[in-house]
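After this come two complexes, each holding chain A, first together with chain B and then together with chain C.
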Partner chain A sequence: MANFKRKDLVKQGAIWAFIVAELIFFSIAGEFLSVSEKAFMDFDNMLLLLKQSAPIGIIAVGMTIIMVNGNIDLSVGATFALAAIVLLDSMTWPFMQAMGNWAIPLAWLFALATGVILGAINGLIVWKTGVDAFIVTLGSMLGYRGLVFIYNGEQPTSHLNWTLVDFAEAQFLGLHTATWFLLGVVLLCWLLMTRTVHGRNAYAIGNNREAAVNAGIRVGPHFLWNFMLIGFLAALSAVVFYSESGSVNPNDGMLYELWAITAVVLGGTKLSGGYGSIISTLGGVIAIQLLRKGLGHIGADTETVNLVIGLILIAVLFLDRQLNRKGKEELRT
Partner chain B sequence: MSTQTPALRLEGIVKTFPGVRALDGVSFSVMPGEVHALMGENGAGKSTLMKVLGGIYQPDEGQIFIAEDATVMSSPLQAKSKGVVFIHQELSLADELSVAENIYLGELPRKSLGRVDWEKLYAQTDDILKTLNVGFNARTKVGDLSIANQQMVEIARALTVEPRAVIFDEPTASLTDAEKVVLFEVIADLQSRDVGVIYISHRMEEIFKITDRISVLRDGQYRGTLNTKETNEEEVTQLMIGRKLDLSRNEMTHSLGPVALEVRNLSCGKLFENVSFTVREGEVVGFYGLVGAGRTEIAETIFGLREPSGGEILLDGEGVTVHSPADAIARGISLVPEDRKGQGLVLGMNCRDNMTLPQVDDMTAGPFVSDGAEIAIFDQYRDKLDIRTPGWRQMVGNLSGGNQQKIVIGKWLSMHPKVLIVDEPTRGIDVGSKSEIHNLIRELAAQGYAVIVISSEMPEVLHVSDRIVAMYAGKVTREFTAAEVTEDGLIQAISGL
Partner chain C sequence: MAELTKKSIGGFLAKQGILVAFLVFMVVFAIANPRFIDIDNISGVIRSSAILGVMALGVTFVVIGGNLDLSVGSMMSFSTIVVLDLHDKIGPALAIPGMFAMTLCLGAFIGFLVGYLKLNSLIVTLGMLSAIHGLTLTYSGGQNMDIADKQNTWFDFFGQGSMLGIPVPILIFALLAAGLSLVLSKTPFGRKVYAVGGNGTAATFSGIPRARVVFMTYILSSFCVATAGLIQASRSLGSQNTVGQGLELEVLAAVILGGASLLGGSGTVFKTVIGVLILGFIQNGLLLMGLAFYAQYVVTWVIIILAVWLDIAAKRGRLWSPIA
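Then we have the complex of A and B:
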């Protein structure tokens, strides 16, 4: 691709340097503070970390595409929960139960279709009304969550299928099923964004929408495809996660949109669009999961973890702003 | 030439906007292989005409013919597919993408599965870049290029199709001399391929160097076409401004006070360097230059919006450091900014609130803003500046451009400044209101304000200024008094000749 400049290298390497720093810090701190016998960098622990990264990670990849496009999607957490309910509940329907294990792929299909449809609704509204994606998906976040509650009230929706659990808990070449899905999604979306016309147009639209329109790129349909894609990925994330757990609470997936956005931003994607990378988002997802696990490892509670992640996010954005300043010629604000 | 069919012909084009007849029956044609200059003052309708041609605006009346086929230009994309290519003055590029991706934006070559054919893309782009003889390649990120090189990328876009007509809108505004030579070669090449070229520029030397014919617009009307070889600058100027070179200089009618503002060797990075000038009380100093010459940036630096990298600012002979606009206002400097709607006014707020905005913090009665004090200030400046509005409740967005500008001026006068900087005072204001604003500026000077007027319109600078500072590429090239200034001298000074 384009000639790499030092600044770009710094920007794209930063998240990985941060991960290495986290690993070193928690390994050393773990020696003194940890309650556990195991070392932090224990191989199984790292494999588990990747697996636990998968639900947010798969969504964050979709969020990267949406944000490169210059949009945002706040409804992914609710889409995640609704797809999970469809997945588990559909397997209890009589005709599905009659199908035995053939019900599994069909249930997956139902769940994924749910995600695509919810995404398409977002995309159509953004395209046809021209309302900002933030507002549209804020509305659909509430609306889709409402559907989740309508489906089964405050009750959890449960269904355990042992074949499904076995599949989800399988390890192929050492990696868990969920990890394979995460890596597969990262690879495909990376190819999409760097190698295809659709992906390159996404960058162009996010970078300078007017120029893209002037060049004849059809921005509305482009948005629609990407919202369908993130809906699909949110549902895929649910499918991967709930195949194993077998029970959905109506509040599941809440704040997932914010965790996904946090990971994307940590990975260096611009909120205003036009710049970002799928691979760096993977780095952002891993960095957050490392922080959670690492702080837990040295005995911090959840509240502290959230506080630290919040502070780090702000610090990262401040650093990014400083790096991107054009120097003294810039207008004072 | 008359036996040929024109590459492009416009007939009786009318385009009205609320309150303005921007184009009033304009007819115009360009022959294959001809370079046709389109000239006119700012606001004469050139850009509107080109936007109609480029499919961005739809005309209210009139028709467009391509090779004598009546055509409706419904979108920029359609215009391009008909072979009409528009090279924008403002850059329309995605700066995070590579040069190649920008040149082929919207029409990237594809392989199977929607993949980009990078090899073909880079090869085709490098071919185009070779003809332009530029120092970057297809893979360079556009954001890493200088503005001039970005302009070359914009020009390269015209060469991806087989065009019938190419419109260049002030293409040389940010080009160096060497790059201009390349651009003129590109235009000559287009000419030899029987493409019609429409060339919009204010620079007479270029016009006389490369064009075959010159058409002039004034106030939205077509004023005639001249053969470049048979005419001269005077004749063109006369058509453009509608009178013989009587540029109605300002004649000083009052005596000047002491020096109010002095600037010594002021620099701000590469934006402008070593700028020195003085403004006396009761004097209007005009700053004239091309867009990008650094005039607005000087004003912004004096007003505390930018940090100078060197030099001094003296107010009443005393050296001052202005840290922020608030600081500048407290010291008696006010800036009426260039972009009235974006920087000068809050369009959704009423007249009174806009006018009292900078001082509303001090106009309180107890914890609340004092209505009475605010209305008193509004009334005072409405009468003083003759602002025509139904009342103070009127939204500023509903006023005419001239009255909006008066609100901005009133806002700053109510802060009792010593130095008033007015950037492009009549941009987007109709002809009648223009002279009203000009007279107002003269009156303010007569009342003892030190006034700086930044303008890209020569008649305006000549009309209001006691002295004129000419700038080129961030440097002051010459200073003229109203008595000694000539149009030629000014043009030379701002073109870096």
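Then we have the complex of A and C:
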């Protein structure tokens, strides 16, 4: 038992050790290679890093829950874009403009509702048809992206509301608004997954769906709730990001699903389900963002980031399997 | 007796449903707009589907073998950029084999990771999607790649030329489809791919070298990707770094639409070709009916879900899933 716990600790700690290693590497390498005067470990730089992690981070938290369930969601990028369009476009509707600044919470509500509905569609299809979530969300990734384009053609949708921009750029206790949203989502979802029946059921279903069904867990509605949750989080991510930028291109959010999945896998969540932690996912998100910033800091081409992240993802997969296999062999002897 | 007929009709629909759907679509579109069955229109649709189709042929092998390949889109960008770059440096006659060699190396690397190291193919190819994209950008320095002298080269033959009145992309697609169909259905290797995808453990116990078979499916996939890159490069004689971005999922959609199960062990080259053509003709038909270009995405979504749903519903004998 103690052995099992120690192994868990090693796994949970691995991503944070990786982050520390990144920090040390980029700080030292930055001394010799950096073009800028500022140190990499600059406090403001780190705050900015958290803020920039928020859009992918919020989605990745939802993806963790979906993947603990043993499902996957490829449609989050398109959901993100559609929610963003609803957010910005709804503020230009005549009755909304008449409401002045009260239109803002209403626009948020519309955007978040969009996300929940899109998630619910995915969840219902997975539940009722029994088609694998990978295929369902692969299809809706195309379908939702189609809706984005139908909404406003290939034109960007723009609406800048200065009250909203002020809110998004505000700093409370030194942290940006986006950072607070990220931390809040991480905290709430961590509580959800570790302290509630819903969370325990999520792990149980991912571990062994048959057994979960036999134990009386209603798997279908459970899936539906989780897909609604990730739809909500994708929309929330859009709300946080586009409140500040005020303009959305129909191609925005493309490949976000891949970034989110990468972060979740770096955080040690199993694709087969039943294992994973929200906090480790946060680590994965930060690690990726740190890598992006760090490589830029030491003057590497931004292009190499993709190369490095891809190879690291494969390396993590390899190491993880070696670690697991070793554990199994010990069990056998 | 009546029930038997009903059953056999149901069985026929379940087996050939995609073909039936394809014919229904063609008839509906043809009635809606006679221009749809114009020979020029049909040849145009097939020609523009050829690149997607060639890639889908390779991915069919990977999927039947029980794996996924999400890296084909960025790999296609890579081969397009490489062949365009080499064209000006060493001439087309050397550029083409050079590009094929480099793309096959990438395929071999993925095949090694998934086949011999037995890593999860979804994550490996996801990582390779990102890595190859980075590789392409590093190779080209982020610049678009163009052939310097577009007039005096025979390189445009593969994308723009025609032989015996048939456009070359269609010819390549058809020949490759026919060849790979034979490989899949008539050779020992093809049977092994089905065996490995259907039940890997059983395949191993019957002495099938599982790792090598999976490795070969990725080699085949990268060969198809290189061919698609060649057609793309030859068609436009210049390219962005992101030319294949997002294609991996459209390719997968075509393969799934053709009825290949993501769990492996089922699917045929012919069905994949039908899947590719359905995607192409739906896009074209909707355009001719005057619908917005992007409506095809929504329609594709509905069709994919319906196709897979009806497929598994026929297998389990009930429409709604048994999930509680």
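In the analysis below, the second predicted complex is superposed on the first by the 321 of 333 C-alpha atoms of A that agree within 3 Å, B and C clash if a C-alpha of one lies under 4 Å from a C-alpha of the other, contacts with A are read in each partner's own complex, and residues count from 1 in each chain.
Just so it is clear, a residue touches a chain if its C-beta (ideal position, glycine included) is under 8 Å from a C-beta of that chain, and two chains touch if they have at least 3 such contacts.
Please read these numbers as outputs of a predicted model, since none were measured by experiment.
Looking at the shared chain after the overlay, A:V197 reaches chain B, while chain C stays out of its contact range.
Of the two partner chains placed around the shared chain by superposition, chain B is the only one that A:N207 touches, whereas chain C remains out of contact.
More residues of chain A are touched by C (comparison of chain B with chain C). Of the two partner chains, chain B is the only one that A:A215 touches; chain C does not reach it.
In the superposition on the C-alpha atoms of chain A, the part of chain A touched by chain B in one complex and by chain C in the other spans residues 213, 217.
Against chain A, in their complex, chain C makes its touches with residues 113, 117-120, 122-124, 126-135, 137-138, 142, 245-246, 249-250, 252-253, 256, 262, 292-298, 300-302, 304-305, 308-309, 312-313, 316, 320-324.
Contact residues of chain A toward chain C in the complex are 74, 125, 127-132, 134-136, 138-147, 149-150, 153, 213, 217-220, 223, 254-255, 258, 261-262, 265, 271, 301, 303-314, 317-318, 321.
Residues of chain B that touch chain A in their complex: 75-77, 80, 88, 92-98, 101-102, 105-108, 110, 113-116, 139-141, 144, 268-271, 300, 304-307, 309, 324. Looking at the complex, you find that chain A touches chain B at residues 1-3, 5, 195-198, 200-201, 203-204, 207-208, 210-217, 274-275, 327-332.
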